[in-house]
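These notes concern the structure reproduced below.
Going in written order, the chains are labelled A, B and C, and every chain counts its residues from 1.
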Amino acid sequence: MKKNIAISAFAVLAASAAHGQELRFMCYQDGNECDVWAEAFQTFEAENPGITVVVDVVPYQAILESLPVQLEVGEGPDLARVTDYGGLARFMLDVRPFVDDPDMIEARYGQSLAWARVGDNAPDGIYNIVDQLTATGGFANQTLFEQAGVEMPAPGASWAEWAEASVAVRDTTGVDFAMALDRTGHRFAAPAISFGAALFDDTGEALVIDDGFRAFAEQFVDWHENGVMARDVWAGAGGGTYQDAAAEFINANLVMYYSGSWQIGRFGRDIGDAFDWVATGGVCGPEACTGMPGGAGVVGFNHTEHPEAVGKLIGFVARDDVQAQVLAQTRNLPANAELQANGIDYQDVMPEVAAALTVFAASVPTFSDTAYALQGYQFNRAVFTSIPARLTQAIVGELPLDDALDRLHQDVADAIAEAR
Amino acid sequence: MTAIFRTLYEGAFNLFEKPMRMLQYSLGAHRMAWVFLLPNLLIFILFTYLPILLNIWYSTTGGDRILLGDRNWVGAENFATLFDCGSYMDPNSCRRDLFWRAVHNTGWFVVLQVGFMILLSLMAALILNRNIPLKGFFRAVFFYPVLLSPVVVALIWKWILQRNGVLNAGLDWAGMGTVHWLLDPSWAFFWIVFVSIWANMGFYVLILLAGLQAIPGDVYEAAEMDGTPTWRRLFRITLPLLTPTLLVVMVLSLIRAVQAFDEIYVLTGGGPGSATTLLIQYIYDVGFATRPRQFGLAAAASLVMAGVLLVLTLLQLAATRKRAEEG
Amino acid sequence: MAEVELCGIVKDYGAVRVVHGVDLTIEDGTFCVFVGPSGCGKSTLLRMIAGLEEISGGDLMIGGARVNDQRAAERGLAMVFQTYALYPHMSVRQNLAFGLENIRMHKAEIAARVTEAARMLQLEPYLDRRPRALSGGQRQRVAIGRAVVREPKVFLFDEPLSNLDAELRVSMRGEIAGLHRRIGNTMIYVTHDQVEAMTMADKIVVLRDGRIEQAGAPIELYNRPVNTFVAGFIGSPRMNFMPCTVTGRDETGITLQDAQGRVLQAAVDGRTVAVGEEVELGIRPEHLHPDPEGYPVTVENVEQLGGESYLYVRTETGVALTAHLTGQTTLTCGSNAHLAIRPDFAHVFRKDTTALPRLRLGELENGTQP
């Protein structure tokens, strides 16, 4: 469903009278992101007479499926809020010439700017401003731990410790599942890197099946065999289909859930006072304690008739004061290094939510370079969908793990070859 | 009120009558037929024939771009990788192993689903053709699932079969322990066959019932006078006379089984692993679900399937024609 | 070979009784024809004998044994259906053999019987054809053959010729009669066509509304119909009826007067009627002949068939009569004629439709017309 939010009837009239520069912004939201941005754009319009921004709120599905098709045929909005930077990179507009202070933006957003600097895009181009940094990480049901009398692993605990403790809690309390991990390669990648997976070879080509990757894959399949992992999540679907376990965690049916920071808002709303829960922070493997970064951001497209206006808008979106104000209302993690350092003053939040936000925000700087590299990799979608497809075959016994990993390597190679 | 309708009707009539008459004068009655055929023909060309041609074109191209102009020509390469196999019996020896798993799964699905469905439909039709109490009720019971949307069917059964679903609740209550119906590959395959039979058999029961009722009653009386035992009456009279109907039912259900997708996609998503991934889902996965989208490969796979369906459809036409001649 | 005996046979469909206590004995070897208008229960009666309909009451005996509770096949009967009811998917040979295979008869024996039946019914050229490829008459012969090969005690025919054209019907009639002569089994034959009944039957059973009106040899029914229904049903064209009043009676017959006061004589036993009683005079069309002294009538229609002629006339009192004359006639439409009736050809029926016994039968004398 498409909902047009006319920013300001007066502004629209004024704009068409002056330059008639109307920017269309296709936006999806996990929570209230589009509404908050629409409000913030009023300030932008006041500062830039003649430019109006129309926010079209669409479902995430439309961003994934309709937007790429529109862009392929040279249509679509001037800007959009997207997550697949690699896939859309070739349609993005480099706004470096149009922003007031590119160096400031480089300093604040350097890490996530790299995500769009792939393919033929300029290595110093400014394409995307991430307004919702996400981090993968664990959640634990504290009440269940207390009921079971099991001590919860401390921050920095290993996957093995969490597995042992969660199984103990499950067995004592009689809930269905000890651990679960969303069915996507994006979630799988974090522990794989922590187990030592390098993912890329010297030339920067994925996906390398090395000893670290193999070690976690074996561990992961084992956990399914002996019931540590909730079988329903990965074995319950086929192909690269995404499947989460949030409902099981909300229903207190799952002890430890590895997902990401975007679940915080939902947990705050849906769990309420039912039980106490905490974010675990990074979970460690033998080599690292990393999570996976990710996030939604605002990008402009190169078919726009008003590149300058788009550049101005992106410059506005990147401003520290704007980000601080918007993120405080949307309760998202900042990608802006300045705000990461200073923290954001979230307003009116439950103590669990505030604590979880703090934990996740603190974990972001600890993420490994490999994690960022994968997030910025042009073909990371191929990696993310191939991992569940192939590992599930090993989990249900359709393929020996070694064969599944060979196939996984081949799938990613084929997909990359196809895309080039 | 009536006057208004009348005026409207006459107005509309005159609106079309006069230009149509002029058209017929200028074109002649013979060419006039094309004027009436044209709208439908255009729809067919636009939404059926053109997509088929595009599909063929796409199957010879590679890359992940949508516009044909942006796609590079690869010739038969997509087909070559599909058929690149050590042994067609062993999907693991194939380059596109998931395609061949889907082919194998579809093969088994078709054999089991069509076989058991025809057997069960026939049994149901034979029973419903007799004078049993509540005959109308049972006929309706068998037919109602056909009216349901496949997604609804799948959701109903998912609700029954999931880990904490109705079936497990019942088993648990009876102290028999629970089973991961949709997480075990064999059980999941059993259930997609079962659910698909459940959802579709009413349609075939109806056709078979019609076929049974078309057999003249006096033939059975003659058989009765001839002292025909019940089983012999079934195998020597009923089934031979039902053969044309059975043939039609078989080909129809075969075609539909090859095309099975929606119930299964919603019920198991093709999993666990690839245990219930059938051909259509493979095409969907390759073309739309995975990134980058491999439209060329998906188009090639769908053409392979179209070939199989074409053969089955020709069989159906032959069977229908035979039936028309015999009828 | 068996005698078929019906004792008080009753058929009810729910609350509706369609056959009302039929008593009948069909002697061994008899060709018995059930005849009657449609809805008279003749087919139902046959199907009850066959075992295709349940018997609601009474006893059915075949060869002296009660068979009410036996299934159709166990009664040792064979039936030929109006629609032939051949197995459409089997060849003629398979159609003939099917019933025998059911009782696991030896293959050689089956082959012998099929060959014999095919020879008898001239079906040899068609043995490997499907019924679809046969003409109506050929199909009927296959249906008969299917009955013959089973060598039943009793043959049942349910209007077997009604789907055939007139010419074929006549020849099949002969074939069935010939079959009966050759094998001599008891046969029960249902028809609504009294000509079939007259030409084929040893015994005719006239049924009406689920009851037997009269049963007997064809000529017996023709000569001495017990009531107006049988009199009207047997014989073609129908018997003429004319209302009359009895004016006198003696040992040679009775005297009748019609509405115009014309006097007629009838050679019937008048002991059960009184002078002045109103009766119906029945005259068969073939028993009316032109006579200057006869009854004055107006000719309304003439049918000349060459060897015979039919006159459709009306009396002065308005009674329509049909006359069947041998040879040709010079009478034309609208002309006046006179027709006469011999007293020994007259039938007389009381008001309750029952017949007065005839004293003399003009039919038995040489030449029915003077």
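One rule holds in what follows: a residue touches a chain if its C-beta (ideal position, glycine included) is under 8 Å from a C-beta of that chain, and two chains touch if they have at least 3 such contacts.
None of the values given here were measured: they were computed from a predicted structure.
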Set of chains adjacent to chain B and to chain C: none
Farthest chain (mean CA position) relative to chain C: A
Two chains sharing the most C-beta contacts: A-B
Centre-of-Cα separation between chain C and chain B, whole angstrom: 59
Where chain A and chain B are represented by their mean Cα positions, the distance between them in whole Å: 39
Chain centre separation (chain A, chain C; CA means) in Å: 97
Partner chain B, residues of chain A touching it in the complex: 65, 68-69, 72-73, 84, 87, 176, 231-232, 235-241, 243, 379, 381-382, 384-386, 389, 392-393, 395-399, 403, 407, 415, 418-419
Complex contact set, residues of chain C against chain B: 50-52, 71-74, 77-79, 81, 83, 85-89, 98-99, 102-103, 146, 150
Residues of chain B touching chain C in the complex: 216, 218-219, 221-229, 232, 236-237, 240-241, 243
Touch list for chain B against partner chain A, complex: 62-67, 70, 92, 97-98, 101, 163-164, 180, 182-185, 268-277, 281, 285, 288-292, 294, 296-297
